[in-house]
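Have a look at this one.
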């Protein structure tokens, strides 16, 4: 091979390698490389069995029940299509609220309840004064009402 | 008005130009900082979900932005110095590194203070936090490599190579919240979307960003001046400068 | 002239004269300027002797001529083209033997010669290698690891490369150091022969050694 | 006897020459190779001694421990990658050889992996058994190391080249190289953990594969560049 051909061959090989690399990256992003699993994945049994993992979603409205004598809390996590019941003993973060984001780490028990060792609140990127939030909420309700009529 | 910009690419003339510019940027930084902090802590309304704790964004977000932005600027200067053998751009890169590292540390620290009350944990190994931590390591690596090499020309070039290699990390930090479902929330302010933020809050934050820019420019220019003096200590103009300083 | 046992094959020196030229070359080490405005010019068949006290930048200048480092300012040109842009083309025409011989302690003499010549672009068989080693006075030691050899013998292993390489320009840093009388004589003959065949030699030396060449240039550094 | 081993007669065999040379040198200096391997074994074996023999805990830790130890062991050997060639002047000769320097560097990197990375890969199952890893997890561990350790050598070469001949080069190389190793560590041990958790691990391996190809293209080139800077 002449040096010029050799250089060309090396460039072609390099471009090919980068092509393979990008295919591999795209492939990786197709599958689940995740910080947490969604309730749908849990329902579809796509989660580690008998192992600790994280579950993420919204706290279902009206699902939070606290025990009077201890710090144990019952609530459920939803991604609107599936809902998983969760039990947790400990102090909840300030931002833990019904309808808000949450990430819990723990294991599935045999009875299909997620026993959390740690509950983290996941807040969204929206910042606004409470009045604005209320106004938005009222507007959303009004829209909903007008749609259902 | 014709300015001969190339004139300022020589360390000697840049030294005096920087000397004139530093007070301007420093003053701008102080004024913007006071304005930004005032808006952030007294005028901006309480957040509907995070209450008062959200106010840390006025420091956290500018710091995080600066940490990434300064790294890119540093790598650009370093790469420029490597490609065209221009001493001044390599000195700029060296001068940027400590400020970049400071902002990275600030972003991690304030983020951690924020995380405890909001998320319920100081630290979590998600993609955003991990890649920002790597950024801090990259800054430290760059600085220690340059510190270990005695010959300034080699130090400039070696630093440039490691800085350019580390640039890979920047898009990873920036897009991590989109690529992986992290605990960290998405961007509140981005190019292609309306900001998800009330306007007073946004204004406070942007003013703080400008304050950080002014501060960085002032500090970096100051540091470049010192580096120029060190590197050019054998030249006649530095000797004359010192004579004038004594007299 | 004594015959030199081993005949180099396929000498590909073009007979158009080539010039290695330095134009206002400067060298800075750390903060210190070692030299500046150095000009030199070396044509085919010419010998350039670089002289100067310790620390005057002789080795630095030689490394610049090899393309190992860049001049702080000025330019070194091969056939009118800056060597910085020629790179591999230029490296194929030069052989450099520095202070460090480029000899590996853990390899045998033959292995060293085979590998270093392959690296320089001219592969040789082990038969060729043993012929060369005989010429340079290392016969019988071909299969010894270099670490058991004396300083002078190591130096010979490094210099053996000159007998197998196919290059025009030889850049030698103190080639006579550590050599005994016979080896000095041998090296002198090798150099003279190379110069006669339109080769070019740049070297530094402290010893007074008279080499017959059509043109000898002295370059004094301070 | 050995010179016959080195006698390759095909054209442009420099890439093979340099690999053979480095392997030959490694054979002549076996202790250097063995030290890296022992280091790996000892570090991995220290953990059960310090955290106690509880098997569940050990099984959870295993992927991380093996990967961290592999990472440290390969880093430990980085210094040797260019330093002996630097000291005896052969590196100078490589830099002014008419051969393509990135290709020579690639050859040296491959040789480095063959003498340090590959033994770690082969050793890993034995150590995994110490940690009571199930056999399919052992398999994933070996695969992840097989794809991941070459990346460690490729990236490590950059650090080794940049710190050539510096005071405290050993510590410095770790400071430069470890941040760049972190993704490999995360996805390497992540693959094994995912497999043990019964989740799909292919995505982790794909990402390490992508790192491998990207560093295969760029690392030798950057290393060559760094060597020129360091020797100037």
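Per-chain residue numbering starts at 1, and chain names A, B, C and D are given in the order in which the chains are listed.
As a convention for this text, a contact is a pair of C-beta atoms (placed from the backbone, for glycine too) under 8 Å apart; a residue touches a chain by one contact, two chains touch by 3 or more.
Predicted, not measured: the structure shown is a model, and the values here were computed from it.
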Using the touch rule from the top, work out which pair, B-D or A-D, shares more C-beta pairs. A-D
Most central chain, judged by mean C-alpha position against the global CA mean: D
Whole-Å gap between the CA centroids of chain A and chain B: 32
Distance between the CA centroids of chain A and chain D (whole Å) is 35
Express in whole angstrom the distance between the two chain centres, defined as the mean CA positions of chain B and chain C. 49
Please set out, as single numbers or ranges, the residues of chain D touching at least two other chains. 100, 232
So chain A residues touching two or more other chains come to 29, 33
Could you list the positions in chain C whose residues touch two or more of the other chains? 88
Category of the chain touch graph - line, ring, star, complete, other: other
Considering every pair of chains, which are in touch? A-B, A-D, B-C, B-D, C-D
Residue numbers on chain B that touch chain A, as the complex places them: 45-51, 53-54, 57, 117-121, 124, 126-127, 179-183, 185-188, 196-198, 201
Which chain C residues qualify as touching chain D in the complex? 66-70, 88-89, 91-92, 94, 96, 98-108, 110-111, 114-116, 118-121, 123, 125-126, 129, 143, 145
In the complex, chain B residues that touch chain D: 130, 134, 137-138, 140-141, 144-145, 148-149, 153-154, 157-158, 161-162, 165-166
Please name which positions on chain D make contact with chain A in the complex. 11-12, 100, 103, 190, 194, 196-200, 202-204, 206-207, 209-214, 216-217
Which of the residues in chain C come into contact with chain B in the complex? 28-32
